[in-house]
Structures are given as structure tokens and as C-alpha cells.
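Chains: A, B, C and D, in written order; residue numbering restarts at 1 for each.
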Amino acid sequence: MAVTSKELATDALRQMWQIRLFEEAVEDLYGRGMMHGTMHLSIGEEAVPVGALRHFREGDALTSTHRGHGHCIAGGADLGRMMAELLAKDNGYCRGRGGSMHIADVATGNLGANGIVGGGVPIAAGAALSQKMRGTDNVTICFHGDGSVGEGAWHEALTLASMWDLPVVFLCENNQYGMSMPASKAFKVEHISEKATAYGIPGETVDGNDLEAVAEVVGRAVERARRGEGPTLVEALTYRWRGHSKSDKNLYRTKAEIAEWRDRDPIARYAHDLLEDEVLTQEELDAIQAAARQDIRDAVVFGTKGAEPTVEEMLAGVYAPTPEEVQA
Amino acid sequence: MAVTSKELATDALRQMWQIRLFEEAVEDLYGRGMMHGTMHLSIGEEAVPVGALRHFREGDALTSTHRGHGHCIAGGADLGRMMAELLAKDNGYCRGRGGSMHIADVATGNLGANGIVGGGVPIAAGAALSQKMRGTDNVTICFHGDGSVGEGAWHEALTLASMWDLPVVFLCENNQYGMSMPASKAFKVEHISEKATAYGIPGETVDGNDLEAVAEVVGRAVERARRGEGPTLVEALTYRWRGHSKSDKNLYRTKAEIAEWRDRDPIARYAHDLLEDEVLTQEELDAIQAAARQDIRDAVVFGTKGAEPTVEEMLAGVYAPTPEEVQA
Amino acid sequence: MSRTMTYAEAVREAMALAMTRDERVFLMGEDVGIYGGAFGVENDLYERFGTDRVRDTTISELGIVGMGVGAALMGMRPIVEIQFSDFTAQAMDQIVNQAAKLHFMVGGQANVPLVIRAPGGSGTGAAAQHSQSLEAWFAHVPGLKVVMPSDATDAASLLLAALNDPNPVIVLEHKLLYKQSFEVPDEFPVARLGEGRKVTEGTDLTIVATSIEVQRSVEAAKILAERGISVEVIDPRTIRPLDTALILESVEKTGRVLLVQEAAKFGGYMAEVSATITESEVFGALQAPVKRLCGLDVPIPYNPNLERAAVPQVEDIVEAAASLVEAW
Amino acid sequence: MSRTMTYAEAVREAMALAMTRDERVFLMGEDVGIYGGAFGVENDLYERFGTDRVRDTTISELGIVGMGVGAALMGMRPIVEIQFSDFTAQAMDQIVNQAAKLHFMVGGQANVPLVIRAPGGSGTGAAAQHSQSLEAWFAHVPGLKVVMPSDATDAASLLLAALNDPNPVIVLEHKLLYKQSFEVPDEFPVARLGEGRKVTEGTDLTIVATSIEVQRSVEAAKILAERGISVEVIDPRTIRPLDTALILESVEKTGRVLLVQEAAKFGGYMAEVSATITESEVFGALQAPVKRLCGLDVPIPYNPNLERAAVPQVEDIVEAAASLVEAW
């Protein structure tokens, strides 16, 4: 592992634990009938958003996916408001209107999860266009799944972003499957990152379960974008431990495969490396995990106490008020 | 020039002349107010469809574009019915309902021109899927412009066709521009054919003004498809002498550039090569041109004499009759 | 004789029947293979018919529908599944500009016997991008036929009819109905597209409803019967072309009509039914204004109470119906 | 003081004004740069404002609109031009599932102040894929605002209003109007979205019409005046949200209403207006059934006579209006 500071490591590990425990809590709440809808868990993929967003600055933006809890947490969102949203409460990020699939934290630059596969990719390019037109050195990180690579939206966004050298990092979280379609079958290339050549931009594949490797590769892409040299396609290889969503019977993959990837747990691996490299002690590791656990407990409490949203306010929330309406 | 038989050469040259003279006639009719709508002329690009369709067989299919007269003629359509269609007559291919942008000759495997950029590309893949599922060795030739490469439809079709090894040749007629957008600016690759690697299929660029070269390169792609080895992306470099359509003021390109490409006239060049290689004599060349001119004259006469379509039949033409409706 | 079956099972049985009877029929879509379909509709179909006829695609809605168009043009009978009807937004060009118009545009030279299946509706907590009822878009497209089965028998019978039709048919199934069980006949009749169904007989009020609102209206009719109000529930089943005669006949008899749809009110399908009634010769027989009961004009919210409030429930229908009868 | 200007010039002037006043405003689209726009609307805008603010894109409608969404989310005021409104079919996901819903889905955290301009309508001989009137689709989408300017002043005033609005607004211009000249004020007022306009005053009949049918209705009103029939023509201008009060007031006064749209009848926008009227308190004031005069239920044909027959012309309006007044 690349050497890292104690502070960075502590933050990163705590965020990974927050993601993992947040999702385990969500799973539990769902199982107990306290949460409804569907859910897409990113357990096993935590290193990607946490590594990628190490370079995130004020004014940067990100777009996320249906599997977006990790992006949101790594982006710095408030866990309580996230949990409140998933519990469909008025004090949630989306006032209970969006839920997991539309969670957003615009104040920290998270433009939102997206229920549409590929839906966020052109939006990311547009955010980057804004950053470029304003003459900033900000960048946009576009999280997207391997499955979204089959969408026309993905292609159009890469075409436009590369033509205009926009400051965007297309970060493909290749967790090996769409819902059930293996990426290896869907795309006749060895690495999705090879598709970058079609857009005349750099492409790179990284071990998505290695937090520091992700931070390094995405860091290079971010720096390139900040320098005005345009987009990069980064592919992070990872795996979702859970099924696609609650309807998944896991018929399309083997128990052995799942077990193999569980052995590459990005959290355990990072903790192990930090211990081995003497960045953190076992007590410190345990304390981080415990702190994250407390963060999630607090979040659940906060969420559970939220008020129920009202129909009246929902009706008033379809359109943003015009300046005249605000005055009146 | 690769050696070719007298018969093939005669046919090819006559077809190229038919296309050129058909479009000149159309231009003239339009100028005289006898034709309405808009029109997209392929003058200067005639070698591509004629060369590409040398390998066309019974059961093969093609999809075409808004600039589709050449594809239609090279596919073997009747010139009179084509002209009648452009003259909006009931004896036209589309009974006056479609015009130039929707001209089709389904009996010869031409599934139709398309007013939608990229619209025909997934349709071509679907035709090839049918050919494959039926166990034939037929192929589909998908003509498309360089501009359509920016469409999501193009990407999705190439993704699916390559995944399933479909017998389709994606033939990109790169005439250097969309409407005004230079392909060289739009796509950050030197050759559009390089994009093939993103789909794990072969890509090849050919001089689209060299008929025999087109025939050879597309021939290889067709053979590959017939063998069940899947699609190929062929890029034929060519140029449209005329503006995009009647609204074009040609501001985005120089007179010098146009002149340079006129010097590479695919018809004059082919005729010259045939003479030089002693495949045809000057008299034979002249006779071929004269015959084509007569073909077009006949077509105009046929078209002009067509009847006007009626509103009643138009109304009856929106839905195909069901078996019960046919019986009744 | 009859038996019990879920709506999803009925769809599956109809597809299996069609594939058994007609080798041109095949199915394409996302996760329709080993996953068994996002809603389990396909289940083991891929095992029974093989991966050649039950084809798992990449996530490329526009491409998939386009391939369906191409295959249909070549004489196949493709069924294309769009995982949620919301994602027809990605495929509108192929549905509307290609499939629906091709027969007309080519002057009858070809048909597009394509069946598109797509589940709509809310009630699953999937929020605004996975819960829409978009039938009004499709009903407005000349060249399309549009059906909305409201029970298991119709889900099968209308699908079989769609597969016999030479035109493109879009089948809008309902997610909440999939798991619901219904009595069904031993053998599914083939419906006639364009023929509605009188679900209950009544004398005081006509309710015209679609999809799940038919079920809710029948429930409401039972409650209203106890209050002495006799309701005739009409299910158009095919919303384009509409069985106007059946509706007008009923309205003429009852003199009052309530139109119920799940979709947002403004610009929705029931506006057409309303206009059709008031424009017709039964205008004079109306004893009360035509009234609509529709979804609220909001994107579907995540919160379960808001979601429930956003679309007509049984009690809303009871109330609207009673007030219509009692006030007029 | 007033001056004369074409509808296209008015659109251009409004864009120029907005770009001058507000540096966040910029324009993206296909061939909006040096080509000057497919209909010449942009003309020399790119010279005046530079290629950074007048951006030529690749042919990628979904991508372009998506980039507009992203830029708008980040506080820019993008105008996106879709070359023909038919190609909104490619972009429906970004228009409907993203732009329209984002404000709601994220609980008000963000707005999407995006303006989409797209010309619709028939009459140019461009056939079925270049001539549609698709306003009914957009009018049915909660979260969108939809305007249809019928003259040069409105083309500018509504566009300026759209650019002031914090919500996504789609401006459906009309191709045939672009070249038409109108008297316009020296300075364009900023319209209020949602406010209709009484174009002529009358007492016998109300005509509600949109886009070019407003012009045709005014022509018809002149002819009808000669026949002693006094017509009040109402142009809603914004079709979502609709100025219901203005329409109802007029209908209450005249007791008769004719609704005129170019779009195909079945499921069209005027069905909503019809239903709104008959559901309202003016139902009792109706002296005649509400009548619609619409396009035929066909794809727009190429043949000029058929094309003319496919949509309401002045004489059709005269006839329909007269028969409504004379029969009732």
C-alpha cells in the first residue's frame, strides 16, 4: 500500500465503516418492515467512493447512481438526514419525496443519485461544462455502473465531454454485473477502460477494493481535469456482496464467486494494511469502527424521530417558485 | 485499381451515373418548383453504395439514411417508382407518403431511408438478428453518416450487435461533416473506424471514392459476417459536393476544399481507371453514361405521369389490416 | 372449468404459448433470462425456450426496441420487454418515429409486428422514475396500438392478440397486479384489440377506468351497491383504438360518468375519453358533467402515505362516484 | 412605436438580449454556430457571443439536454435547441425523468432552470419524422412548463420569461412561423408564464387555439365576422400551467367553444382543454357541445396536398365555427 497519513487513513476507514454499517442498518430496517420501496446496497464496494472523493474540493460536483449511499456518505453528507430520507421523513434530504434512489446533498456538490441507469452521466458532463465555462479548476466525478456503459446516454456524454475537454472523471464502478448481465459478456473488451480510446481520452483500470490505489488513479484523473486537459475514464473493479436489490435470487452467480470476493473485503484489507504498515493500532482500528457504529445509531435515532411529510407541501414542491411567487 | 470484370464494371459505372443523374434531375425539378420538401444529395459519394452492395444477395438487407438515393439505386430499386415518390405520386414507392427521406424498397431488402440520424442503426442490427436466428448466411448493410456516430442509438446498436456476433456491416459514410460539424472536431480519433475497438470488432477505413477499394473492404466484412463471425465497422472517406440540404449556405467549409474533392470525383476516376486498364473503351464509357441518362429521363416521365394520392387511402394506410380485417 | 393464476403467470403462459405455436416469436429484454425478469414474469422461460429465444440484453432500451423493429420488419414476431415503463423515455424514437410510422411512411410495403411490454404504475415505493403511468403519450401516436390489461385473463388474451396483430402494440402491464391472483379460464381466449369490456352492469353511473383502477373501481362499485348506487364499470382494455361505442352506450343509459386513471390528471388519457363523450351524440343524455378522478399532478413520491395519496384509491372512487350521483 | 420582425428574428433577439444581460445564459445545439441554425434562427449569434456561449454540439440530443440539466443544476441558464421537436423523442429521459422531476425528487434542494427550444409543426414537406406537434406529451409532465408562441412578440416574450423561470421550460416554436413577419414593440415585454392572451374579442363563439392555429383562427375570425359571427380567439400561450380562468370566462360569455390544434386529434392537448371546460362551473353555460378541430390521426404525409389536408386550415376553422354557431 502507498504510504498515507494517519489522519487520511482514519477518515477513510471511518467513512468505509459508515457506508457498510449504514447499509447494514438499512437492510435490517427493511427486513423489519420499517423501510419500504427497494434498495441497492453497495456493501463490498466501499473503497471506490471513499478513495475517489479524497480529492474532492469545494465547488467540485459528483453525480451518483441507484447504488448511491456510498457516494453520498463519502461526499460528506449528514448520516441522520440520509437515514431520515430512507425512512421517508420530512427531515430527510429529499423531504421523503425521493428515497434512496434520489438521495442528494446539493450543498456538498452531490447532484443526486439517479434511478435511471446512465441518467447521471450527461448531467455530470453538464456540471463540468459549467465549471469550465466559469473558469474554475473544479471537476465533476461521475459515478456510474458497468451496466450504464450500454446506454446511449453514456456514449453521448463521453462524446461531448471529450470534444470539449471537460473537467470530468467518468468513474465506472465495475462490480461485474448489471442486474444479472455480466460485464464480461456484455462488452467485448477485456477492460471497460479500453473504451476510452474511442473517445480519444485516457482510460485506466484499477483495483476498486484497494482504497489507496483508487485514490491514486482517480487523483491523477482529477489533476488532469483541473489542468484543463479533459476527461478520463477510470474503471474500478469491485463487487457487490448483496443481490442487485431485494428481488434478486442470485441465480446468475455462484456462491464460490461471492465468497472469493468477500475475501477481498476492502475494509478488512485496508485495516489490515494500516495495521501492518503501523499507521494505526488495533485499538485505533476498533475505535474507528465503534465510532462509525455510533454514527449510524445516531442517524437511525434522528431519522426515526422525523415528522411525516404532508400532501400540501408535496403539492407545493413540484415547481420551484418564481421570483414573483417568492415575493408574494 | 484491382482488376474487375467488364460486366461488373459496366454495371457499377451505370449505377454511379444513375445516382448522379437522378440527383441532378431531382435538383433541377426542385429548382423549377416541381418538387417540394427538402432534399439531401449524395453527389460525390456514389462509389460507396455501389461498391458496398456488390456483395448484396437475395435475403440480405440494408438500412439507409436521409441521404439515401444512392443506397436505394445501388440496391436495385426501380428508378421510375423512386422518382414518382419524390414527386409525391401514388405510384411512388411510398405512395407519396414518405418522399425522399423515407424511400424504401422492401422487396429488394432496402428497409428504408430514415429521417432520424442514427435511426436505422439499431434496425439494421435487428434485421441481422433475424437473419442469424433463422440460420441463414444473409447479412445486413447499415449505411450511416459520420454524424450518426454521436447518437446513443449508434452505440447501443454496436454494443448489442457485437455482443451477439450479428451479421451486420456498419458502413459509415464519412463525408467529413454532419450538417456543419466536422467529423474531425466531433470525434477525437483520427479515424472513426478506430471506435470499433471499443466494441471488440474489426474496424477499417477505406477511400470511399475508390469503388473497387470499397467493394473489397466491404466484401471482407460481408464474408466475415456470413461466416458468423460478427459485425465490422467500415469507414468510407468521401465528400458531398452539395450543401447538406437546401438551407445550407456552405459557411463551414471552403471553396478550395470542395474543389479538391471534386477533383477526386469517384465516377470520373473509375471511368479513367477502366479506360487505362482497358476494361472498357471510351465509346463504351460514353454509352453507359448515355444509357443512364435515358434511364433517368424515363424515370421522370414515369414519375410525372403518376396519379395524386387520396386522403381516404392515406387514412386507411396508418395501420396494417389485421387478418380479420383482411377477410372482411 | 377455471383455475387460479397470478397476472405475471398469465403473461408468462401467454408468451410460452406464443413461442410454442410460432417459431418467429422471441423475447428480448434486460434480465429476462436467468434472472427471470425484474418482476419474475419470465421466471424459467429461458430454460424452456433457450437463450436464443429468451435473450438477455445490455441496458440499452433504444437499441433493444430498434432491434425489435428490425427483426419485425424481416418477419419475426419479437416481444421486447422494457423493465419499467418509465424507461420507454429512452426508446421513444424507435417506438414513435420508427415502429409506429414505418408502415405508413413506406406506403404499406412493410409492417412492424412488434410487441413492447412495459410495466407501469405506482405503489411499490420506487419513487418518481419507476412509477409513472405514461399511457397518454402512446395513445397519442398514430400507428401504435396500446393495451392496458387489468386482470390475468386480459394480460394473456391481449398479449396473444398483440402477437397476432401486424402492427406495433405496446402492452402496459401493472407492477402491483403482477403478484395478484385471479380466476382464469383453462384456455386463454385471444382478445380482439379495440374491444372493451363491461366489467359490472349498472344503471346510475358509468365508471370508465384503466389498469389497476379497474380493480379499484370494481371494489368501489361493491361498496356503492351497498349504498344503493348501481355502477357500470367499463374497461376499455385497448386504449388505442378505443371502443367508443361501448362507452357511449353505457353513458347514454346511465347519464353520468366518472373517468378514473392512475396517471397524473393534466393532459392524461381520460381527457380524451371526456372529450370524446362530450363531443358525441350522447352529450344531450348527460345528467351531470363528465368528471375525472386522476392521479395528482406530481411526480410519484417515495413516502408511502404520499404515494398512496397521489393516485386514486378505492375510497376516493367511492366518494367521487357518490357525490356525482347524489349531487346530480 | 413598433417595428417589423420575423418570428425567427424575435427568437434571436431574445436570446441575444438574455446573453447580454446575464452571463450565465448560453446556447447549445446542433449547427447553432457557423451554420446559423437549421432554420437560420441563430444566424450570426456565434459571431456576436463566441463559440463558448453558442456551442455547436454533436448529434446527441439526449446528451445535450442532459448537459443542459447538469449546467442548470450548477446555476447556469442554458438554452438547448433541439433541431426539430421530433427529436425530443431521443431526449425524453433527460427532459421528463431528470429535468422535470429533479426539484421535486431532491426535496427542493436544487432547481433546473433549463430552457429547451424545439420547433414543431408541419407544412414544409419534411414528412412524418420532421413535422410532429408533440405538445401533449410535455403538457402531461408535472414539473415542466410548456409554452407555444404564436407570433414574434410572444416568441421573444415567452422565451425571456422562460429564462427567468427557475423551472425547466420547453418552448415549442413553429417552423412555418419562423419566416413570417410581425409587428413587434420596440422592447419586448417579459411575459408571465401561465397567462393566456385574448387575441380577438367576440360574443358568439370562443376559439382556443395554439401556435400556428392561432394565426389561422384569427384569419378565420375575420371571414366569420363578414358572415356576422363574432369570434373570441384565445391563445393560452403557456399550455402548462394553463390559464384556465381566461378560457372559462370567455366560454361563459359566448356559450360555445371550438378548440383548434395542429396535432393529431386522439389524445391531443385540446382534449385536456375540453375536459377542463366540461368539468368546470361553466358547464351549465354551454349552449353547444365543446368541439375540437384537430389534425387527422395520421403521421404527417409527404405529399403537399395530403399534408395540407392533415391539419386544420383557415377554411376548416371557418366551417367548423360556422356550423357550431349555426347548428346550436
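Odds and ends about this structure:
In this section, a residue touches a chain if its C-beta (ideal position, glycine included) is under 8 Å from a C-beta of that chain, and two chains touch if they have at least 3 such contacts.
Just so you know, these numbers come straight off a predicted model, no measurement behind them.
Distance from the centre of chain D peaks at A, each centre being the average of the chain's Cα atoms.
Simply put, of A-D and A-C, more C-beta pairs touch at A-D. A separation of 30 Å divides the Cα centre of chain C from that of chain D. One simple way to say how far apart two chains are is to compare their mean CA positions; for chain A and chain D this gives 40 Å. The centroid of the Cα atoms in chain A and the matching centroid in chain B are 45 Å apart. Between the CA-based centres of chain A and chain C the separation comes to 36 Å, rounded to the whole angstrom.
Looking at chain A, residues 94, 96-98, 102, 114-116, 119, 150-153, 155-156, 159, 163, 186-187, 317-318 sit in touch with two or more other chains.
Residues of chain D found to touch two or more other chains are 57-58, 60, 62-63, 86-87, 90, 93, 97, 104-105, 127-129, 142-143, 297-299, 301.
Of all residues in chain A, only 61, 63, 85, 92-98, 102, 104-107, 111-112, 114-116, 119, 121-131, 133, 140, 152-153, 155-157, 159-160, 163-164, 317-324 touch chain D in the complex they form.
Of all residues in chain C, only 26, 52, 55, 57-58, 60, 62-76, 78, 93-94, 97-98, 102-111, 142-143, 145, 164-167, 192-193 touch chain B in the complex they form. The touching residues of chain C, when paired with chain A in their complex, are 30-31, 33-36, 38-40, 56-60, 62-63, 86-87, 90, 124-130, 296-299, 301-306, 309-310.
On the side of chain A, the complex with chain B involves touching residues 150-156, 159, 162-163, 185-189, 194-195, 197-201. Per the touch definition, chain C reaches chain D in the complex via residues 62, 86-87, 89-90, 92-93, 96-97, 100-101, 104-105, 127-129, 136-137, 139-140, 142-143, 240, 242, 263-264, 266-272, 274-276, 278-280, 283, 289-292, 297-299, 301.
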